[in-house]
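Below is the structure I would like to discuss, written out as structure tokens.
We just call them A, B, C and D in the order they show up, numbering each chain from 1.
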């Protein structure tokens, strides 16, 4: 009992520093910023149905149940990649903005566990805040919820999510290990996010970031297959941590280092 | 009375330096350059109707009232992002080319108020000049006027404009605060402009820059909802200035600094 | 008479150095390389008509007179921008690959006139060589000839060509004047070329480079409106040279420097 | 006999070092990583037929024999370019990830022949591994097999493959010869790969990398015209090696160096 309270006090002592709270705020602001921008691009769109009726372009309206035009996949790819890059640049290049990244950082002992937990909470709150903002603004955030596409099976979806998170976390770990020119790290992460969306936008809408999937799911209370968007990224982050530290940039030199 | 004239004389003394007039000219030339390029891409286009009648592609003509093909949104995104980046590179990385940026710079005391006013005048004149050039050249600049899309409500439009200007100004403030390799700042600003267009091109055509909205509006005398393209960017610039200097890169260290 | 022969001997003495001939070869190889890549992308394409007849997509075939699918404008933009950037990188960042650039360099006394003439000859030969290669390979290079689009008037076409060359040459002059990281100059030039194509691809197919326009025109002997693709770039290059050296990066400090 | 065994022992002594085996693993992992990402993007896609039947978009379904929507060429271009760039960044910028690159490196004496053979084996195994993974996951990798498009003749296909490999290898040789900022080399190679796909995606689906073509061909046992995707890149690599070392960045100064 005493031990627990002592541990807790130590943790709180570490957590309640100005620096740590500042990082918590940066994660919250950064995630809210990039998700607000990305989700706005998907949700606030011209009503093509009414525009079509004006100009008589009836063959462009895509059915009576959807008034807005479908978004071009490349548009989605670019807006997510760029918004993550710009948000990471604005809040400082060291922000994670993604629970999967924080998990990998904690797993490879680059970040203390308590800090990682705090960062993840900040990211999830940021995701919920921006989804809530868009709910208030547009009244419907269903098109922004990550869903497994029709014709794509669950094990395919999980594999794709694992793969895209794997490459994202590998890039993030690399950018923290080599010295880069200023502003290069956010841009590289943005490119990795773009690549992830290029790969997965057709299959799952591309989660790759549990905070991004969690926000719209909470606001719409639509948790169908939601576990996919936690299991895939978590698995990808673990694989990336192992692959990077054991094989790509090994922390050991010869087999003897293992015992 | 004497005080006013003295102030005015001080201001004029500061304003009428060669350096300041040079900057005024750079803002004018830069804004005219990037807007001429962007608006040309939107306005000078092949007449698909006549082309269609030649090759019998009647289902591609989009109605009798518009002869030109609609522009692909990604085309608009890329042309605005790249033209701002290239213009900022040509006139030197320190140019603003956007009244919202000058407002934020003045608000955070990075620029004297009188200079900011002068810069804004230069930008607006540049916007009007390029819109006028295209009016002479094409006879119709209506497609280049920023308008709130059908199905998008005014408060949504203002919010989107605020959001995209917020991220743009945050990026600009960041690029002025950290030391970057040569030519990096214009490219980062170009990426932020691209992101803004990705987010807002569907909702408002993306203003984000009152000089860009003002030019075509003056030439066509079409000021419907024009306040949206001033209120949104101004609000975004103020929010970005506060967010950056108080939270992201605080100029204070501990609560005591506040009194 | 003696004076002429003396001048000529001096010129030849300067021209016939290994360094100068190497640059001539680099201009030839670089221009041939980037144009071969770009024109291949436009000319060697699947025959959609036969593909369509297989899968019964009759509404996608664009009429009996054209078997190949039309190229997406963004595809053209990216292939020209990237191929110029990669070719400039491969042959060394100092290559011009564009007569308009060589003209501006000679005009601003950054390059001797005789060298500029030699470079332009190399570029034109490179353009003809790559157009000839594609003529042999595909039997028809008409789709690669720069033409003023239907519905676009000649003075509009010249203005657009002038504008895009203006911004390209401004960027090139800037990259030669500031010190950049390795490989940055070719990429910036590639971005300026991309911007030019974004602006002008609809109006004229985007010349911006007389060597690019000259090659396919020679091979097809189709010189309709060909002067547009020489007058526009030449005018743009002169304007850029004046604008850059007098206003943007003035070589004079105070009005007294003028007399 | 003794000589052979001695040579073999020397080779094995060089090959069986930890450094060399590490590079072999990096080639395998890097190739598997970038191909898994790229092929996933092409193969794991929503079933538009069922989606169309739900929303009654019958004119979007492209016939009864193909359930999935065709992939936009620009999507393919971006996913291959970005996945190569990110994989090369993750496994360290010095990885080749392409047999054509290893051939050119061995030919220009930048790499020992035995190492090149080992790298090529690693790349081919990586290609087969990722194609096998996708075979297990989706049951059909036919859409990912490189094929000469209908209407494109074999000699055209070989020329295009030669051309795109030529420019790729020239860029790779350049990046190894000049000193670049960290992370710049993988990005430049990614841009060259993107350019290659822009040029060749219509004609051959763009091989440019025998490992990329070999993997899906082995898994589907579809070797029609497969030689095109070995002959073109090999020829391009040899031409690039000659062009670079003899002309662009000559290793000789004056004609006397030749004898």
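Everything that follows uses one rule, which is that a residue touches a chain if its C-beta (ideal position, glycine included) is under 8 Å from a C-beta of that chain, and two chains touch if they have at least 3 such contacts.
No experiment lies behind these values; they were computed from the predicted model shown.
J.: Given that chain C and chain D are copies of one sequence and touch, is their interface built from the same residue numbers on both sides (over half shared) or different ones?
T.: different
J.: Averaging only over C-alpha atoms, locate the centres of chain B and chain D and give their separation in whole Å.
T.: About 42 Å separates the centre of chain B from that of chain D.
J.: Using mean C-alpha positions as chain centres, tell me how far chain B is from chain C in Å, no decimals.
T.: Each chain reduced to its C-alpha mean, chain B and chain C end up 29 Å apart.
J.: If a residue has to touch 2 or more other chains to count, which residues of chain A qualify?
T.: 59, 74, 181
J.: If you connect every pair of chains that touch, what shape comes out? Choose line, ring, star, complete or other.
T.: Per interface graph, the chains form a ring.
J.: Which chains touch which?
T.: Listed in label order, the chain pairs in contact are A-B, A-D, B-C, C-D.
J.: So in the complex, which bits of chain A are touching chain B?
T.: Of all residues in chain A, those touching chain B are 18, 22, 25-26, 29, 33, 36-38, 40-41, 44-51, 54-57, 59, 67-68, 72, 74-75, 78-79, 82-83, 85-87, 89-92, 137-138, 181-183, 187.
J.: Considering only the defined contacts, which chain B positions touch chain A in the complex?
T.: 59, 62-63, 65-66, 73-74, 77, 149-152, 155-156, 159-160, 163-164, 166-167, 170-171, 174-175, 178-181, 184, 188, 191-192, 194-195, 198-200, 202-203, 243-244, 247-250, 254
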